[in-house]
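Paired with chain B in one complex and with chain C in the other, chain A is shared by the two complexes that follow.
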Partner chain A sequence: MTMTMALPSRSRPFWPAMLRGMLWAFLFAMGVLVLYPLLWMALGGFKSNSQIFSDPFALPASWSLENYLAGWRATRGYMLSSLLVTLVSTLTTVMISAWTAFGLTRTAIPGKPLVVGFILGGMMLSPTVALVPLVRMLQDLGIYDSHAALILLYTAFRVPFTTFLIRAYMLDLPRDLDEAAMMDGASPGQIFRKVILPLCQPILISCVVLHILFAWNEYLFAMIFTNSPGVQTLPVGLTSMMSKQGTNFAAVFAAMTISALPIVIIFFLTQRYFIRGLTQGIGK
Partner chain B sequence: MKRSLMAAILAMTTTLAGSAMAQTLVADPAAEVKHEGTLKVMTKFGMQRLAPYFTDLAKAYEAAHPGVTIELIQEDDDSVKGKTKTLVASNAMPDIFFSWTGTWGGNFVRGSRAVDLTPVIGPGTEWGGKLASAAVDAFVYDGKNYGIPLYLDAKFMGYSKPAFAKAGVEVPTDLDGLLTACDKLRAAGYTPISIGNKEPWVGVHYVGQLLAYNVPREVLEKDFNPATATYDDPGYVAALEQFGQIAKRCTVGAAMNGISYQTAIQELSDGKAAMYYQEIIEFDSAASATTALKPEEFGFFRLPAPSGAKGDPEALEGAPEGYMISTASGNVPLALDFMRFVTSPENGKILSSPPYGQPSAVIGGADPVTMNPAVVGGLEDIARASYLIQWLDTVNHPKVAAAWLAGIQAYAGGDMSAEDVVASVRAAAEAAK
Partner chain C sequence: MADLTLRDLRKTYGNVPVLHGIDLDIAEGEFIAFVGPSGCGKSTLLRCIAGLEDISAGELRIGGTLMNHVAPARRGIAMVFQSYALYPHMTVFENMAFGMRIAGLPKAEITARVQSAAEKLQLGPYLHRHPRALSGGQRQRVAIGRAIVRDPGVFLFDEPLSNLDAALRAATRVEIARLKKSMPGTTMIYVTHDQVEAMTLADRIVVLRGGRIEQVGRPIDLYRRPANLFVAGFIGSPAMNILPARLEAAGQGTTLRMEDGGQLHLARPAPAGLAGRPVHLGIRPEDLRLARPGEAALLSGRILLVEQLGEVQILHVESPAAPASPLIVKVPGTADVIEGGQVLLCAEPAAMRLFDEAGVAFADEATLQE
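Now for the complex of A and B:
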């Protein structure tokens, strides 16, 4: 038994094994680099302000959930707003973008390159530059300081990028499918819903994840376009826990961990589709 | 930088807004208050600890006047800057808005965004008489009153009584006494003064107070204005050198530039450092029931003045923060009525007491029964101060402020001499003319 176990290792060349080992070590180091700050943040929620400053890298002295409960109490209202804004804007962005991408790839539009350029050109508009006119516009529309304002803005600013991703994916789908469906009497709407959309599942999931990441973490619009705590989202809520004086950093860490949790879970659940969608979609 | 951008936005939009908007430039004390309509109020109390103050006041005011609705926009220390700039630029300023003193408030005045409140809060008025006069004066621009101060702030040296007792040190009365005390505290195993100058305003606050001690008030005020600034008083270099001595004998020295102020205050709270130079609004959090240093073990004194200095040894560094009324407000009398309500002695007492702990600018707005005794003592010191010198980084032109911030940090790090720092400030003042 010992002989047979030893044989393959003797036959394996030294350098490839060494390189493999180094690669693993490198990947492990990268993993630590990404995961450690998250772990540090989560552990920070169990410490006291004093321990965070005096002993930042030690394990918590006690494992009391007090800070997590305080963090939850402080952020649950913002969490609801974030959930609502993220869910609705994800739905609207992905649906509008998919429909737009279908139009841009599957139908005959006069001056199509111009239309494509116009829509994708939206990616070049800086949100910061648009702030001032947007405040006026949303106030005139009567939706300033409402969830609708954020949903509208998140959708408008993300449609170009999402369209760009879905369009690149759709360009690669064979035309024969449309033609076959058309021969069977399907309308363009039916082709979109029953043929193209199901085939785009990987890129749609990628777009959903990307949009959720964006909407969940967006701060600038949320800070400028909302005033009431009942409308404000998590990033604004988290900053309201901090001040120049007397911040309970442990509760802030706990609240940050709680607010990051849904995103981390969503990413882990969908990462397989996410990576597949992006690698198949981009660059075509 | 941020402030010069703000000034540009204000100038531009004021021109654009033109005369189409109904503007109230001067408050009319005889105007009738109609208790109806909506008032928008932008506060800097967005932090969860402070937010209930204005929420409760708004509810109480609405209950007393059923026709009025108060819409609060509550921001925190940072977001209030971004929000103000955007609302100014889009001509959507709320009726009542938060402002710092110094150049920030001056921008609203230059852009005709703030109502001249001299007839209602200026010298000799009933309302003005109910507020701390140094605080009201801090919002005077070109001889006119533009702001309603809400709370006072000033800088004091907070210390740990047990640390002083262990090292056998008394509260120092002059700068040499402080330096000697530092040596004894260090020998007793304490960091004499914890300091974190990663945020450069920390060092600037020390120098600001020392400037008040070393440079005569008239010279300082002349130099705060770039048009008349010369920065040739020897007191400037003397103040910086005194800061250098404090840094060398009392603190970690050049390493202070790598430490945040939160870490430094925590050292005092943990009982590791004997002193921390702090604002009065930090007293409640520096020593509380949950920190190692208990409130009864916390003491404070003014940064001791050097003996024989040419400036004013009774001057204190600090500034109030307050509110202005928008010239575009459709209901200035109602806005003023709400601010009168906010600055009533009863509401002042609530503001001064925990959990808010913001020393009210209202005379009689302090209640020793409910307040932290240190805050009460600090307020008395502010009332006794002969002159309230404002923070160097807000009272000066943004370019000059930037030179102070960068220069003092470089001086603390050993990269610049005191003379070089003053020369850079002089050059910045020249460039700002």
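Now for the complex of A and C:
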């Protein structure tokens, strides 16, 4: 009896400490799993092509920026395209989605559940299935192989998901605010711009980050709907660089590192808002 | 001019009627309180007046102008919401200035109006703070300030004190009373479930039940002369005692046979046709008193519970005259009473109120002797 009583009190500090240790080990392993390939890629940019194959896990023999300069020269044009497509499609997607979400949450629309279902149903549409008709449609519109094609596609395919996120957030905002603004004489447009939109800042930042991640990395549409190097975006540019300079992996690694940098910086700058926006929006 | 006229005002949600034809006249500068139990339609009525709900049928006139389809901002009204509804991303100044900025008023005028309202409500030091940095009472004052700066003809309050604690509520109530005095020409409509707020602030109270007006009148009239059993039970805390009885003789004098077999003579007229019919006798707890030695008692009973409140004691008395629920009696805090003891009770006939079988008060002037 005495022994059985004493046993749990002795084991109490041991197991929590053990569990905590295992948790730390697990998190550390996960961190290595995520970060090591990125680090390996960045370090690869400093090596020579032969060192990558002969000594793949060693540190670079010399810290030359030559590959990075070559990578920058090779991807500069693609990066400009990516910047343009990403910025414009982010703006159009977030603004259209915010307006749509405002309409879906703040106005009386006949058959609203049907409208909500129709818009959010867009999330179910597979881009692969729509490829062939989309090629025809964009050719007919005369915007095939242009930045406009990618901006239009990225906006159209991301509006449902972005609307879904912003709508969930707006549902949490108290109706009294709209009514108070209405009593103050604000029109629906003014209520949207001056009251609701500023209050949606956390979810808008989350949506901006999510869209930038999508548009910057998107490959399928960029590969199919663009041909000219002046229009192609980074993911396509990087693959074409590999086919041309297949043997110079060091330059490719450097270019990939350069192309990933803007996204990493944006994510770290907006990380706080990003998490807050997503978790708050999930409330309803 | 900001008098209000409501004529057969109705509101339905789908097929569900919420307001069943409200008729009400509110004079310019009057302070009106809407009271009633939850779901009685008092907030819906206020929102119809504000323009936040469409009016299904009937008329709403403000200053003689039909307002049924006029936008809220054009009705000359301002509203203080239960939740304050302050814009969280704006400072106190911006919150108060928002409506005037929308209206395109000159900057100097906006600043002057906000400063004046802030001074009136002691908000001067907080003008550059955000609502999250204010206490509940300060937020409430900002909400009132936001309404004041618009210089409205009609001021609407939707349960403005319900989010405050008891002490702050009492203090803010006094501030609202002071505010009303400083704006004599402004009509105020105040929705509350708190009788104390309604009784102390309002010139007239409107009692609502199930989307209908039960009674409209001065607070003291509603208290002393309730129109029916619902108002008698709703206004006053503790509520009026309702005793079942039978009208034995009607005419110039009224004789009642109580449930315990006792007889009560009242020197007041009663409709002759009601002789032999069941009636209800209403007596306020403070109108019942302990009988003096040798005095003929109206009621007798056993004390079930004594609630000592210091100044007064509330007795719960089990009596054969009130079989449904104990009688509630308010006696002085110093009265010598004990739980389980027998008591004899008296009441002034003038303070009693008679209701017919359907619960409607007898229309006799003798009931109220102020």
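Please note the rule applied: the second predicted complex is superposed on the first by the 255 of 284 C-alpha atoms of A that agree within 3 Å, B and C clash if a C-alpha of one lies under 4 Å from a C-alpha of the other, contacts with A are read in each partner's own complex, and residues count from 1 in each chain.
The criterion applied here is as follows: contacts are C-beta pairs under 8 Å (C-beta built on N, C-alpha and C of every residue); 3 or more make two chains touch, one makes a residue touch a chain.
Every value quoted in this text rests on a predicted model; they were computed, and no experiment measured them.
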Superposition on chain A - do chain B and chain C clash or fit: fit
Touched partner set for A:22, first chain B, second chain C, both or neither: neither
Comparison of chain B and chain C by chain A residues contacted: B
First (chain B), second (chain C), both or neither touched by A:171: neither
Which of chain B and chain C A:275 touches, first, second, both or neither: neither
Partner chain(s) touched by A:265 [first = chain B, second = chain C, both, neither]: neither
First (chain B), second (chain C), both or neither touched by A:59: neither
Touched partner set for A:109, first chain B, second chain C, both or neither: neither
Which superposed partner A:35 touches (first chain B, second chain C, both, neither): neither
After fitting on chain A: smallest Cα gap, chain B-chain C, Å: 50
Residue ranges of chain A touching chain B (in the complex, touch as defined): 48-50, 53-54, 74, 131-133, 135-136, 139, 220, 223-224, 227-229, 236, 239-247, 249
Complex contact set, residues of chain B against chain A: 46-51, 71-74, 76-79, 82-83, 86-87, 89-92, 262-263, 266-267, 269-270, 272, 279, 281-282, 284-285, 290-292
Residues of chain C touching chain A in the complex: 50-52, 71-74, 77-79, 81-83, 85-89, 98-99, 102-103, 146, 150
Chain C contact footprint on chain A (complex, rising order): 174, 176-177, 179-186, 190, 194-195, 198-199, 201
